[in-house]
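The data blocks that follow each hold one structure.
You will see subunit A twice below: alongside subunit B first, and alongside subunit C after that.
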Partner chain A sequence: MKREPPQSIADYGPLFFPAGMLLIFFVVPFGTMIAVSFFQRQEGGFYTPAFVFSNYERFLSAFFGGVLGFSLMLAVTVAICCVVLALPFTYLLSRLSRRLQVIWLVGLLSVLSLSEVIIGFAWSTLLSRTAGLSNLFVKIGLLDQPVALFPSFGAVLTGMVYQALPYTILVLYPAIVRLDPTLMEAARTLGSSPIRAFFNVLVPALRNTIMATLIMVFIFALGSYLLPQILGRPQHWTLSVLITDQAIYQSNMPFAAAMAVFLVLVTLGLVALTLLIGRKGEKA
Partner chain B sequence: MSGLVLNNVSKQFGTFTAVDNVHLSVPHGTFVCLLGPSGCGKTTLLRIIAGLEDPTNGTILLDGADITDVPTHRRNLGMVFQSLALFPHLSVGENIAYPLRIRGAAREEQKKRVDELLTLIHLPGYGDRPVSKLSGGQRQRVAIARALALSPKIFLLDEPLSALDAKLREAMQVELRQLQQKLGITTIVVTHDQREAMTMADTVVVMNGGHIRQAAPPIEIYRKPADTFVADFIGSTNLIETKADSSGAATIFGQRVTGLALPAGAQKATISVRPEDVHLTAPGNGAIDGTVTFVRDLGGTIETFVEAGGQQIVAVSTPRERPEVTAGQAVGIVLSPDVCVVLKQ
Partner chain C sequence: MDTFLKTGVSRRAVLGAGVMGAAILAMPNILRAQDKSLKVGVYGGYFKDSFDKNIFPEFTKATGIAIESVAEPTGEAWLVQLEQAAKAGAAPADVSMMSQVAMLKGQTTKLWTPLDLAKIPNSKNLIDRFVNKYPDGSVAGIGAVSWYITLVTNTDVYKEAPTSWAVFWDKANADKLGLLALVSNSFLLEVTAKTFFGGTNALDTEEGLLKAFDKLAEVKPNVRLWYRDEAQFEQSLKSGEIPMGQYYHDVTGLAASEGHPVRSTFPKEGGVQDSGCWALSRASKKADEAHIFIDYMSQPAIQATLSRKVGTSPTVKRELLDLSDKEFAAVSSDIEPIIPRYDLYTTKSDWLNQKWTELIVG
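Then we have the complex of A and B:
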C-alpha cells in the first residue's frame, strides 16, 4: 500500500504532541546545557551569561583525556561482555517451552526494578573479604584465605554487566525469537555441529541486531556514575562521575555542562563510526 | 540391505502420537513421496530420518548401519526445508559452498563444485548474487543445490514446492524427478499434493494418523487402493456398499454384479470405483438403475452425476464417448468387476 504524502499542515497533526514533548523535555534542556557550557563561572557560586571557551579549554588536559578514554573503554568492555553473555543465553532461552520463557523473562524484568544503589551495595558485600564470595571459595578449597575483590576494575565491570545484562537480553530476545529456526536445522543437515552453526549462521544472521545492541549497552554504560564510585577506586571513575562531582559538589555548572556536551559529541561520533563500518561491511 | 530402513519407528509428543510404529524400507536410488493430510506425521517422519527429532521407539538403518543415535551433522544427508532456510547473510555461491566450507574444502575445490551445481540447476553465473535478489523458483533451486553439494546418501525435501505458483510447481516437479534420476540419489519428499507425488515418485507412501496406510508405486496406489482412506485421498472415487445376497453373490443396490467376489466369509464390503470406470448405458439389461441429476461439461471431460440407491455416483467421460444424457433421465450404470476394488475394512 502506498501512502500519500501529507498535503496540508493539518495532516501533520498527529505529530504535534510528540514533537512538542520532545521540544520541551529534550531540545530545550539540551540547548540550555550547551548555552551554559559557554557561560562564565562565578567563583564560589553561580555563573553569568557569557561566551567563553575556558570550560572546554580546561577539559583538554591529560587528566580529563585519560578519564574520557577510561570511560569509553569501560563502556565498550561492558557492551561486549553483555552481548557475549546474552547471545547464547537468549538463544537457549528461545528454545525453551513458552511457560519457562515467561518465568525467565519475568525474573529478568525484576532485576531491572533494582536500583543502581542496591546493585552496588549488594555486589560490594558479595565481593568483600569478610562476608563475600571468597569465603565460599575458601570453603571449597579454591583459595587459602578470603580476599577483598573490591574496590577493583573487575568489581566495577561485574556490577555494570549485571545491571545491563537484562536490557541486553530483552533487546536481543525479539530478534532471536523471530529468526527462522530452520536456519539452524539447515546448518546441521549441511554438516555443521550445533556450536559451529551458532557462530557461522546465527551470529552473522543477527549481525545488525548485535550491532544495535552493542551501541545501546555502550550508551547505557557510559551514563553509569554510581557503580564506579561504589565498586571502584578513583582511577576507575568515569567521566559521568566527574560531571556529577562538578555539577553537584563543586557547583561548577558551566564546566559540568561542557564535559557533558563533549561526552555526547564523542558518543555520537563513535556510534556514527560504528554504523559506517557496519554499512561498509555489509556491502563487501 | 542397502538403502534406508525404518524399523518400528514411533514418535510421541507428550500424549500425542505423531508417528505410530512405522516400517518402511527405501532401496538405494528410489524416489519416495510421503503423502498425507496435514498432521498425519509425514513431516515428523522426515525429521526423524534427518535426525532433527529423536524417535521415541525404533531404529533407523542406512546401508545396514544403525544411525538412530548419529547426530544430524554426521548423517551425510541433504535436506531442503519448506522455508528453504537459505542463509540471508550469504550470497548464492556462499550458500551452496557452506557445507564444503564446513568440511574445510580448499577454495578452488569449493568454487569448482559451486559452478558445477549452478550449471546443474540451470543458474550459471548466479554465484555472486545475494539470495534476496532471486525469484521463488530460483531460491528453490539454490536450496536444492546446497543440499546436494556434498553428494549426500539421502536427499530429503519437506514440502519443497509448496511456496511456488501452480505452473512453476508443475515444471519443478518434472525437473526434480529428472535431476533425481540423473544423480541416482535416494530421495524422500514430503507432500500433501497427490499430483506432485504421482509425478515424481517411484513409491508413494500414504500416511494418516501416524500410520502408513499404503506404500506402493503411484499407479498401484491409484488402481488398487488398500483402504477407504487411500481410495478417497488419492484422486476422486465412488465408494459403494456391496452386500452378499442369499446365494452369496455380490450385489450393489440390490442388483447382482456378475464376476465381483466379496472377501471370503464377508457379508458386505465397500468397493472403490474410479469415475472414469463408471459406464452409463440404457437402463435394464442387468445394469444398476439410476437417475441423472446433473451434467458438468468441462469441455475436456464431462462429469455426470447419477443418483442410484440413495447415493450419488459420478461418472467421468471424454467428449468422444459423450453420453447423450440430460438431468432427470433414467440411465443404467455398468460396473465391470475388474474396476471394482474391494477395500479393507
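Then we have the complex of A and C:
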C-alpha cells in the first residue's frame, strides 16, 4: 500500500492531540524554566521577574564545571555498562524458547515497577557492613571481616546500572528479535566462531540500535539524583542533586533553572554530536 | 480480553460505582461547605501520626473545628509550595508548622498573615524567642514546638556516652559519622563556633565564618554519610553501620524506648535547639479558626501533652508546665542550648550555601 502525503489540514488531524500534549506538558514548562533562569534571585526570599545573567555567571566556575563533568562521565559509564551487559544478554534471550522469553521479560518488567528509593535502600543494605554481601564473602572465606561497600563510586554505578538495565534490554529486544537469523548462520557456515560472529556480524548490523540505546540510557542516567545521594559520597553527587538542593532547600529557583537549562543544552549538544559522528561514519 | 468482558458486572453496577465515585470526589467540597474546618500542615511521618492521634481529635472535641492534617515535607520544599500556591490564591494548608529559616524567608514575601495576639491570649505563656515577628513588630508566627538536635551514638559500638561535640573531630572516629547534608539544617557552623570559638557570636564576621568552615573541614574524613533524608541515617544508626552522628533527640528517644541500641546525649556545649512556628498563609480564608487553633496549641496543658506524647520540647515557660523533672529532662535539658543563627541563613544564604557545598563536595 502506498501512502499519500497529507493533502489538507484534516489529514494532519491525528497529530493535533500529541502535538497539543507536547506543547502543554513539555514546551510550556520548559519555556517557563528558561524564563525563570533569567529572573533575579532575592536572597532570603524568592525571585522577581527580570532579565539578568547572574544565575548563569554563578554556574560558570571550576566547581560546577567539575560537578557537570562528573555527572556526564557517570551517565556515559552507566550507558556503556548497560549496553555491554544487555547486548549479549538480549541476544541469548532472543534464542530461548518463547515461554522462557516471556518469563524473563515479565521479570525484567517487574524490576521497572521498583521505585528509585526502594532500589537505593535495597542496595545500601546489600552493600552494608552489618547486613550486606560482604558477610557472605566472610562465610565462604573470601574476606577476613565484613566491610562496607558503600558509599562509593562502585555502589552508585551498581545501583544505576541495575535501574537502567531493564530499559536497555527492552529497547534492544525488538531489534535483536527482528534481526535476520540467516546472518549469523552464514557467518557460522563460513567458519567463524560464535563469539567472532557476534562481534563481526551482529554488533555491526545493530550499530544504529546500539547508538540509540546508548543515548537513551545516557539521558536516563543523567537525571538520576537519588541513587548518588543514597549510595555515594558528596563527591559522587550529580548536578541533578545540586539542582534539587537549590530548588527545594534553598528556594533559589532562578539558579536551579539556570543549572537545569545548562544541563539540557549540554545533553542536547552531546546527542547531536554523537548523531553527527554516526552519520559521517556511515558515509565513509 | 474476551473473558474480561464476559465477567458478570452489570450495567447497573457500573453506573452505581460511577455515582459512588463522583460522590467520593465531591466529599472535600461537602467538608469545605461546613465552615468549621481547618487544614493544618505538620511534618509527615511520626510527627503527623502523633498529632493525628493525640492532639487533633481533642481539639475538634473542644472547639467543634474539624482538622484536616496535611503531611508537609521538611526543609524548605513546603515553603516553596505554599509560596507558589499563594501566588495562585490557593492554600494547600491554612496553618503550617514552619522552621525558623522558612519563617524568615516567608516574611520577605509577606507570605504569613500577621497574627492578632488579642485573639491568642495564651501567647503570653510563650518564651519570648518563640514569638516570630515581622521587622515592623507584627507577629508572623507563634512557636508550635521546639526540638533538639543532639549527639547520638549506637550503644553497642560506644559503651560510654560521649560528652562533647568535639568527638566529631576525634581521628579515632574516621568514617563513622552521619551528619545532616545542608548548612541550613545541620547547624554545624554554630556547633563548631560554640565548641571551639567560644560561642555563635564568632560567626558575626566573614573571617569568623571562614575560620569555622576551616575547622569543620577537619571533620570531613570522619563523615561516612551526609544525609538529607532522616530514614537514611536512622536505620544505619540503629544497626551500628554508622554508629555516631547528629540526630533529633525526640526520635532517638523513641527508638531507644523501642529497644534499639541508640542513645541521645546533650553535649556539654549544649544541644542545638530548633523550633517550628504555626504560621498562617496569606491565601487562607480561615483566619478566625486559625487563631482559635494557635491559641489552643499555646496552652501549657497542651504543650505538656506534646512533650509526653510527641516528645517535643515545650515553647511555653517551664514554670507554667506540670511536667515532672524527669519528664522535662526526657525532652529538654538545663544545659544552655545552641540557638542557630537564623539571621545568617537569610542575609548570607547563597554565600553560605556555596561555601558549604564546596566544602563537602569538593
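Quick note on the criterion: the second predicted complex is superposed on the first by the 276 of 284 C-alpha atoms of A that agree within 3 Å, B and C clash if a C-alpha of one lies under 4 Å from a C-alpha of the other, contacts with A are read in each partner's own complex, and residues count from 1 in each chain.
The working rule: contacts are C-beta pairs under 8 Å (C-beta built on N, C-alpha and C of every residue); 3 or more make two chains touch, one makes a residue touch a chain.
Nothing here was measured: the structure is a model prediction, and the numbers come from that model.
Undergrad: After the overlay on subunit A, what do you see for subunit B versus subunit C, clash or fit?
TA: fit
Undergrad: Is A:L275 touching the first partner subunit B, the second partner subunit C, both, or neither of them?
TA: neither
Undergrad: Would you check which partner chain A:A205 touches, where first means subunit B only, second means subunit C only, and both and neither mean what they say?
TA: In the superposition, A:A205 touches subunit B alone.
Undergrad: Quick one: subunit B or subunit C, who's touching more of subunit A?
TA: Comparing touch counts on subunit A for subunit B and subunit C gives C.
Undergrad: What is the contact status of A:A19 with respect to subunit B (first) and subunit C (second): first, second, both, or neither?
TA: neither
Undergrad: Put subunit A at the vertex: what angle do the Cα centres of subunit B and subunit C make there, to the nearest 10 degrees?
TA: 150
Undergrad: Could you say whether A:S193 touches subunit B, subunit C, both of them, or neither, answering first, second, both or neither?
TA: first
Undergrad: So, does A:V102 touch the first partner subunit B, the second partner subunit C, both, or neither?
TA: Neither subunit B nor subunit C is touched by A:V102.
Undergrad: State whether A:D180 touches subunit B only (first), subunit C only (second), both chains, or neither.
TA: After superposing on A, A:D180 lies in contact with subunit B but is clear of subunit C.
Undergrad: Counting only touches as set out at the top, which of subunit B and subunit C does A:L92 meet: first, second, both, neither?
TA: A:L92 sits against neither subunit B nor subunit C.
Undergrad: With both complexes superposed on chain A, which partner does A:Q235 reach: first (subunit B), second (subunit C), both or neither?
TA: second
Undergrad: Quick one: minimum Cα-Cα distance, subunit B versus subunit C, in the superposed arrangement, integer Å.
TA: Comparing every C-alpha of subunit B with every C-alpha of subunit C, the smallest gap is 32 Å.
Undergrad: What part of subunit A is shared between its subunit B contacts and its subunit C contacts?
TA: Common to the two interfaces on subunit A: nothing.
Undergrad: Would you mind writing out the residues of subunit A in touch with subunit C in their complex?
TA: Within the complex, subunit A contacts subunit C at residues 41-46, 58, 63, 67, 121, 124, 128-131, 148, 151, 229-230, 233-235, 237, 242, 245, 247-253.
Undergrad: Under the definition above, what is the set of subunit C residues touching subunit A in their complex?
TA: 75-77, 79-80, 83, 104-105, 108-109, 181-182, 184-185, 224-226, 228-229, 232, 235-236, 239-241, 345-350, 353-354, 357-358, 360-362
Undergrad: Going by the contact rule set out above, which residues of subunit A touch subunit B in the complex?
TA: 180, 182-183, 185-194, 196, 200-201, 204-205, 207
Undergrad: List the residues on subunit B that touch subunit A in their complex, please.
TA: Per the stated touch rule, the residues are 50-52, 71-79, 81-83, 85, 87-90, 98-99, 102-103, 146-147, 149-150, 156.
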